[in-house]
Amino acid sequence: MVLDILNLAADNLLSPIILCFVLGLAAALARSDLSVPEAAAKALSIYLLFAIGFKGGASVAAHGLDARLLASVGVGLVLSFGLPFVAFALLRVMTGLSRIDAAAVAAHYGSISIVTFVAATSVLEGRAISSEGYMVAVAAAMEAPAILSGLWLASRGGTGHSEPGLMREILLNGSIVLLLGSFAIGAITGAEGLERISSFIVSPFQGVLCLFLLDMGLVAGRGLREQRGVLGLGAVGFGVLMPLIGATAGLGMGLLVGLSTGGVALMMVLAASASYIAVPAAMRVALPEANPSVYLTLSLGVTFPFNLTLGIPIYVAVAQTVTGGS
Amino acid sequence: MQTHTAKRVEIVIEAPLERRLTDALVKAGVTGYTVLPVLGGSGRSGQWTREGQVGRSGMVAVICLIRPDRLDGLLEAAFGVVERHIGVVSITDCEVLRAERF
Amino acid sequence: MVLDILNLAADNLLSPIILCFVLGLAAALARSDLSVPEAAAKALSIYLLFAIGFKGGASVAAHGLDARLLASVGVGLVLSFGLPFVAFALLRVMTGLSRIDAAAVAAHYGSISIVTFVAATSVLEGRAISSEGYMVAVAAAMEAPAILSGLWLASRGGTGHSEPGLMREILLNGSIVLLLGSFAIGAITGAEGLERISSFIVSPFQGVLCLFLLDMGLVAGRGLREQRGVLGLGAVGFGVLMPLIGATAGLGMGLLVGLSTGGVALMMVLAASASYIAVPAAMRVALPEANPSVYLTLSLGVTFPFNLTLGIPIYVAVAQTVTGGS
Amino acid sequence: MQTHTAKRVEIVIEAPLERRLTDALVKAGVTGYTVLPVLGGSGRSGQWTREGQVGRSGMVAVICLIRPDRLDGLLEAAFGVVERHIGVVSITDCEVLRAERF
Amino acid sequence: MQTHTAKRVEIVIEAPLERRLTDALVKAGVTGYTVLPVLGGSGRSGQWTREGQVGRSGMVAVICLIRPDRLDGLLEAAFGVVERHIGVVSITDCEVLRAERF
Amino acid sequence: MVLDILNLAADNLLSPIILCFVLGLAAALARSDLSVPEAAAKALSIYLLFAIGFKGGASVAAHGLDARLLASVGVGLVLSFGLPFVAFALLRVMTGLSRIDAAAVAAHYGSISIVTFVAATSVLEGRAISSEGYMVAVAAAMEAPAILSGLWLASRGGTGHSEPGLMREILLNGSIVLLLGSFAIGAITGAEGLERISSFIVSPFQGVLCLFLLDMGLVAGRGLREQRGVLGLGAVGFGVLMPLIGATAGLGMGLLVGLSTGGVALMMVLAASASYIAVPAAMRVALPEANPSVYLTLSLGVTFPFNLTLGIPIYVAVAQTVTGGS
């Protein structure tokens, strides 16, 4: 299996997607003025969410509504609620972060990174490993619960006063709505709908992902450059250890529900990844005392690159070995 | 041309708080405001730039012209939102046309 | 025919395009923060105008210059000039709008909505009904004249002082220039030109349209939410009745000119649709006393969704029945 | 550092009127201005936001630094354009470097 | 509400100079600044607009709130960068909340 | 050969790409409000740089590393360093520009315009003339050196004080980094990588180029309208003569290195084209006394349209004749 992982990792590292991320990272660290306009970055992310949601829905329409869908969403919710507690405990042991900062970071690790998910699906596709279409719905379900756990952890210290309207804002967050909405549209219009727009959402997908990851690299690199020194060694260690713990939990849950090889791998990826869009915005509103540099740098500068380069190949190889999948 | 004394309040605040701030302003009796985009900046919490940001991140500048006697109410309201967050507030004396609007 | 319409309507309502519009509408009404950046929305509309214009021109190049082109443009002009008078009269009867507001709204209904036109062409394509390529030129011709009628209606009340430079601005409006310009380019470069760029303007077209309509839904929903109460029942009634009247006029004109089934349907759609880009901008300059909430909410919040969901299927079915087209 | 008294005029106006306003300013002898984008706002004619707008909609903020003695001419010119439209005008005292420019 | 006297300095400068300007400001002891995008403008070097520009062209507006006693240092620093370039600087009296930040 | 050129020029002038440029130019000159948002324009240019770089790299991977690569980059550097001196001498003779202005303009003509390069590659493809993939790397190498020559020419007059950090900024300019970075990614991932993203960077390429040139036309037209009178006849003459001189130098160098027909044509195009992105930004920092209207109007308003319409066909025809290429 180690050989497998190494092979897969090498393969992965030399894919255009990862290389684009590396290019962005390097350009930002070298202080190049290369940058993707904010509006373009947002348009790319709308495209990715729409495409991945739609394809997930169309795949559910094609394969029929699996009884496992509900169970998968259920374990996704459990993971999202539960992982922040693990993360919080780890952070208190491994780092000197304050309760508030630790709670904020913990919320990020219970939630998910949709780009990591997308990158993983494209690795699976590259290796012709199929997965359950409804994993997209699981991803959407996992975005928000962790925020509640994080706020609860923080409020035990007495700070997190409840923000009116926050829950609504979190649940109606643009990425959740778009993901679930396009999933529903894909499920309703099915194969026919997919065929009508596949030359928009299927064929150019990998290329768009390249540009998106170029930008993610730029953003991550800029963050690392400007926030160097914000993270101690303990925090960086957490940023690598926590995804492995999350992935292990995801593996267990995936097996419990009886997902396919690809499904197990994706559940591991979801559990292992950390949010850098929905949760940071919620934290700024509800937990303004937490230092954004800490959670953004950890999530985007440490865990995201780790998952993208080494994490995904590891999770896929483990999922293959454990499920005996091809 | 006939002008009238007023105050110009400029609040730079995190984008996720924008709606809360403007709601508070309206509650405080403010009759209008204008929101400008912000590209980047620097302060006690470090430097940042909007380039490539995804999500409702970054900051915005909210500008509010009001009658001087309403200033205190506005500042209370604004401060309630800005207090715990990243941002700055500045107030300038100004003149406006069409005073009946403010 | 009623069955036909119902079938077509159901088909239409369950297409990805309409569902995307509905998703946007629902998200905005629910106050989700989902939003498409202004620059991206504008880029999408440039793409749509360019693609639709180019394809129209290329189709004219392929089928030869029909003697009916001039006649069609002519009746388009007549409709655009004339419909505002009908709309104005109706508004004065059905609503309590002031002369100025009624004139401004009337101008919108004489002009056209290019997205409605685009959605109709994609419904026609989906049912393999061909149409005259030059209908794009008719659409461009119909954008502006209604503005003049609207201003004339308003000025009878003594307000509309003539704005210097306005005519030039209206005629050189970006969407008219782009539509006619790309139509010309398509006509000049013909099949060969189309082939060179068809994987840009043909294959991904439906998908781009989906995202565009998602955004249209968001904008319409935001308008409806913020402007609720601006429109009385009479005004809403007008927003549904007027397109039907326009479509009837379009039907007559289309038959008069001898258009094909698809052409007649598109002429109906053009006459039935109301502008929400070119005319509002012109009204802000020339008729600032008119309340923009009224005409934007009517055009974008009532008539656009009506045409998109029910109108188009009705017009297509009627065109098929009347022309005996397949 | 040597500074000179001037006026800072800020005009928030509908985007379709931008060219008319700047033409009027130039005619009134203004030697320069700066146009800032506006994301959204609220006033007597309601709330609006630029997100997803298509077409030349929305508003812009035009900022103009001028010598105090030119203020009245500028305000007349600006008011001629703004009067019938949606928008606000505010005037602040300021200092500028390099007075010969204004 | 308790406010404190401060200065608001607004510098409109070419985008390629932005980093140099903010570096100079920071060196001059400025504790914060905000960068706003600029859509277009006009001055001695003619009219320009940002539409369709590619590359780091156009201008930005840098706004800086500071304690009055730091003004001179800031102006020296800013002038060193702006001097040879296209751009304008204006200074307004203002009040700020939370004086300890400036 | 004259006939060949005329044929090719006619062909070129009637291609969608050129017509889009002409449409933009005409719209801007007629003061239409048609415009492409800044963010969209920047996104398009990122796409073009990424696509052209990647394809160049993939082509190098496919054809093997030619010994001529280094030589080509070498002569590219020589051209970029050297041409500003020729341009400077010409400008002092033909125009009344000050030393500073002349030096700034000269720097533009030593550097390159990547869009002109892209347009030329698409003309070559249209005529099935192949070229060396690494010409992309040559293009990247030619961006910066001319800036140094320009600054040196200016400083002989005593003005150009050295700007700290400028060299780094020039070399890490976004377009250079993206071009070389995607070239490297293309070279590393090769045919396999290209296949994965070809429906993003290959098939829609021509169409995207159309929209990009529409915008270039708008920008050039706006510049010409606003800056009319900035350029004397002598300067306009220079804007047409200098590309021909550059192309001749490029021809010589291309033959010297032994490039293929397509390679020689591209070397001519690079030498003939003038920068309007990287160099203007550098000049604003390092040579602020130089008048930007002069160099932007010359490069974007005179030389760019000349190369696009007449220059490229001339260079291709000459390259074919001289190399005996098909």
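Read from first to last, the chains carry the letters A, B, C, D, E and F; within each, the first residue is number 1.
By definition in this document, a residue touches a chain if its C-beta (ideal position, glycine included) is under 8 Å from a C-beta of that chain, and two chains touch if they have at least 3 such contacts.
These numbers were taken from a predicted model, which means no experiment stands behind them.
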* Asked: What is the shortest path, in steps, from chain C to chain E when you may only step between chains that touch?
  -> 2
* Mind listing the chains that sit against chain B and also against chain C? => A, D
* In this assembly, which chains make contact with chain B and also with chain D? -> E
* Among the chains, which is located farthest from chain E on the basis of C-alpha centroids? -> C
* Per the centroid of Cα atoms for each chain, what is the distance between chain E and chain F, given in Å? -> 34
* Asked: Any idea how many Å lie between the Cα centroids of chain D and chain E?
  -> 18
* Cα-centroid distance, chain C relative to chain F, in whole angstrom -> 40
* Structure fact -> In chain B, the residues touching two or more other chains are 36-37, 56, 92-93
* Give me the residues of chain F that touch two or more other chains. => 33, 35-40, 42-43, 174, 199, 203-204
* Structure fact -> Chain pairs that touch, by label, are A-B, A-C, A-F, B-D, B-E, C-D, C-F, D-E, E-F
* Would you tell me which residues of chain E are touching chain B in their complex? => 1, 3, 6, 8, 22, 26, 31-37, 60, 65, 92-98, 101
* Asked: How about chain F: which of its residues touch chain E in the complex?
  -> 35-38, 41-42, 45, 165, 174-175, 215, 218-219, 222, 226-227, 276-278, 280-282, 284-285, 288-289, 291-293
* If you look only at chain A, which of its residues touch chain F in the complex? -> 14-16, 19-20, 23, 26-27, 30-40, 43, 126, 199, 203-208, 210-211, 214
* Asked: What residues on chain E touch chain D, complex-wise?
  -> 10, 12, 36-44, 49, 59, 61, 72, 75-76, 79, 82, 88-93
* Structure fact -> In the complex, the residues of chain C that touch chain F are 37-40, 42-43, 46-47, 50, 54, 168-169, 172-175, 177-178, 181-182, 184-185, 188-189, 193, 196-197, 199-201, 203-204
